[in-house]
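To keep things simple, chains are lettered A, B, C and D as they appear, and every chain counts its residues starting from 1.
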């Protein structure tokens, strides 16, 4: 049994994470660190955990972590996480961090978008970006995995086959002409009550926000550039739709060198995607007329992807549950890889 | 043209009120009093009013109210409203108050439930409870109308025919055995962001709250007792359902003196309701198999009512839009009555 | 491993059932019987099962069921189910039937409400009603378990402690004065497209339906009468609320013999409920100020219950996921009991 | 008073249309033609019209239309509408047609996408496309106005300033590189119960559909080409989001001849939009940080538009109520223009 802890256990993603871990056949939760007075049971913080997990929370301090803990999930907000991550690494446990603090290899980009100085550049260097479909080998040996953002997960998985060098891709897209129009459920906005999370403001409403100015844009660009081996820039427009969970990213890319390519069949593009994800347990490429629906992935660790061609454009539609494959499920998948457990354990 | 003002213009009900008043053929909005710095246009507070009403807000002070104003709507919270209402009455305008501050003839009940001393008992005495279907004649001559709560409006209109003395009712219900199970949309909780108005807490969820302990219970009891000429006590259980607007009250009452009454036809009860509301423009008694749906009244000033008999019980189902007939629409209806305008003006 | 089949595998409950069975550590799905041409994979019928279960469907015929099957779940509609259940019993497997066909010991009541003659009275006699919290011992030895309706599950679990003889209940309620006001999500209406399941008819709407005329009323009355050892009649009003899943039943009962009982503390009632469900893994009695919310039980096999006293009335609020504890989860719980598996296996 | 009729009065848009017409100060509804037996009152078809409009329906035949009718709205489905429109024109009334039958000047495009032969090419030639903001002068004198599709209305209004010749636009976009990612509420799918309009299929779900293959794409292309005076081709991807009403189109266009244009300020683009719609009562250009929200336009005839620049891309966000500005409200606006009534009458 892998002995795990959760540090900062009061976000929506923490609740999802705990629910996944409780059902995981090879995991035991031994530690819950929170910033609450009086060591409450986790079921007092989340009543839906009554009769599921009655463990008492303790502080967010490695000293309060039981001996023999193998790994902690840090679910603290960005800029706070990097105050705690080094202390747990120091204490000898592996760490999966949910924040953005270890996602940017170039700390300048992080500092520009998160408006703070990075205080743990030593560990930043060795952090591995946690999309197993792309970086499995590095994750396997990592001490510190940086769990990806929700939008980036859906966008990167949707685009990787078209920019990737892993298989001998016979297609090319224009790397500076990529548009990502993403639609997210409201849990993506976090658990804090604000005007823009008020039921009556979100319900029966669709809106765009942070168009061209969302922190996940540079994250997507960095990782895709890494995959492509070449600089990529995107136009990213996130939208809020009235549902609890789920992200659907509609991605518009332009095939290049395809002038002679009117003859190229649609099946050639499908082959690229089918081949790229052939052995992946959590990516499903929709065949034929089917298109992905968020309701088919909500509650699961799947990423469903479909591809269409419209004129010169390839349109990729990629969807996930933002709280599972976009957060807690992917974290469990990373944990499985890091700890030598079957990668799908606890997730199907 | 009736010249009106709105004092405290930033609640959900204020926005609805303004939208109704702007379309009202016999009304001119001349004054918006708010507690905001810098005299913003109302369309800066509510962007949905752009190109509809660009009037600048001023302070909540009768001196800032233009000469010739006929009536103001006070949409301030309870306990605050009674600080302002007397000043506007003093200034010579009629007032329709949206708060609970003038709803209780017995100030002891008010003080018990709202936990403050009443500071304007002089005006409290002359305040008229604003359900035109029941108190039209008093409203006609009132200087101060207390606009009813949303739950009370739906419950009282549903029960009045069974307890009322207006028509020669051939039926009697047990006055101390009335159950009101009410279901409300989330706008009933107000515009303030709180955990219990967070989208992800309300969406895909039904819950009861304040069972037997909601402030609208004594309000319903007082008004129904007045209508019945006898003390009435109720069991009131409000519920929150995931929609923006609408209240549906399911009311369970017990017919008495009906022992011999198995022979009494259902049509007799229908006659009571049909007769009671025969000439009312805003109450629709559903005939035959039809049952009320909140979606049929949302956006309107209607109260839709159906009646069923189940064993010894009469079940009355009554529904309204909590922001219209349960607040702003009823206020406009009251204004029409108070100012000698056609009662349905601006409402159909 | 328990080898199971699902007969009639295309309802919403079937999909939920299959998802539960796939994750169940002690179960293997060996047979899916449907009325579809051409032996499709179940993942062609439910795309969300891709990469989860790719088993091919066969016909609804015991001959097509693999040797060694232990138990089948029959998820066919009422009146159809009783054509198939006897054939599978005959073939020597245990059966859990989801329809109403084996719920009524008095076939006259069944025939009145379902408007057909019962064609399998032999097996009807031995069928056990499948609420393990009340009938565990009988379920243990049953060949045929009749899985309860969704409304009945929530209502019966909420009322059993007040009418039950299992513990020495110091309280009594009036058995012919029980009101059940239930609120259900739309999946309760089934998967067939009809006007009343159209998104725009259900969304932003609450309505009552079948007031005093729903088939689940006699089911609740029969089972509660069995538990009480005395005839019980109820007033049942179901409502449709805009959400996918979940039922919340608000139950109004009247304490009798409590005249001297103003002195009786609320804690006495709580003791009755706490004691009644002390060892039940799937019933959670809410303590203190907490009230149940459907969102806390959706996706789980829990029934959450709270109790309040309002005047002479006890108000019990009971909620479940209609597709899990109200259907597929309870079926799995029954299977566990019938097959000697840990009762909570596959459900937490 | 303008005397109007509605032919084919049972769609969602018909109900909205009737509600608008009833409130219109200069209109009288004199005729409702439907394909129902027995001349029902319209309030029997739409119960929400009780006490609002009790007019009896008659047949869809010009002979059943009262003398003196000025104009009929035809709300029949495509391919059916063109069987009735010529008969009403023949009878001497003006017609506003809601279907696609008169939207395509090039009947070949219509026949390709709607898969029927056009049977009324005579009237097709004189039909005017009914977006008053672009074609007001032609609408003024038209006998037959073709009311636009919902997606086209939002997309065309969002793009017209960037392709239009009306004002001396100092900006140019690439006319063959326009992407329209549109998000629509479910009422856009019509009132017929189908699997894809089932509540549980739409709720808590976002999906794309008909990507690159939606009938509104050629409609958008035709009208924008007319406005631009040059051929335009688009990539159009519609999405379904879980709400009743509203469309938000996010449009990605590429500025050309802007190489030197890094110096060009954002305000220059804003000026183009502000100038283009300066005197339009129903288009609101969002200034500063504000972005459009469908909830701000639902129930109104407004189109709210915002503009952003992201790299080389101009991103235009345009939203409307699909049933009002995208259908019935725009039809009333067209009627006002055609009949010499104040253009905003009945719409604010």
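In the analysis below, a residue touches a chain if its C-beta (ideal position, glycine included) is under 8 Å from a C-beta of that chain, and two chains touch if they have at least 3 such contacts.
Everything quoted here is computed from the prediction, not taken from an experiment.
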Notebook entry, point to check: Which one of the chains is farthest from chain B, going by Cα centres?
Noted result: A
Next item on the list: Count the residue numbers both chain B and chain C use at their shared interface, divide by all numbers used there, and answer same if that is over half, different if under half.
Entry: same
Notebook entry, point to check: Roughly how many whole angstrom separate the Cα centroids of chain A and chain B?
Noted result: 47
Next item on the list: Round to the nearest whole Å and give the separation of the Cα centres of chain B and chain C.
Entry: 39
Next item on the list: Express in whole angstrom the distance between the two chain centres, defined as the mean CA positions of chain A and chain C.
Entry: 37
Item checked: In chain B, residues with contacts to at least two other chains -> 201, 203-204, 242-244, 295
Next item on the list: Flag every residue of chain D that touches chain B in the complex, lowest number first.
Entry: 22-23, 25, 47-48, 50-52, 204, 281-282, 284, 286, 290, 295-297, 299-300, 302, 348
Note to self: So in the complex, the part of chain C that touches chain D is made up of which residues?
What the structure shows: 12, 186-187, 191, 193-195, 197-204, 242-244
Margin query: Quick check: in the complex, which residue numbers of chain B touch chain C?
Written below: 179, 181, 183, 185, 201, 203-209, 211-212, 233, 235-237, 239, 241-246, 248, 250, 252, 291-295, 298, 308-311, 313, 315, 317, 319
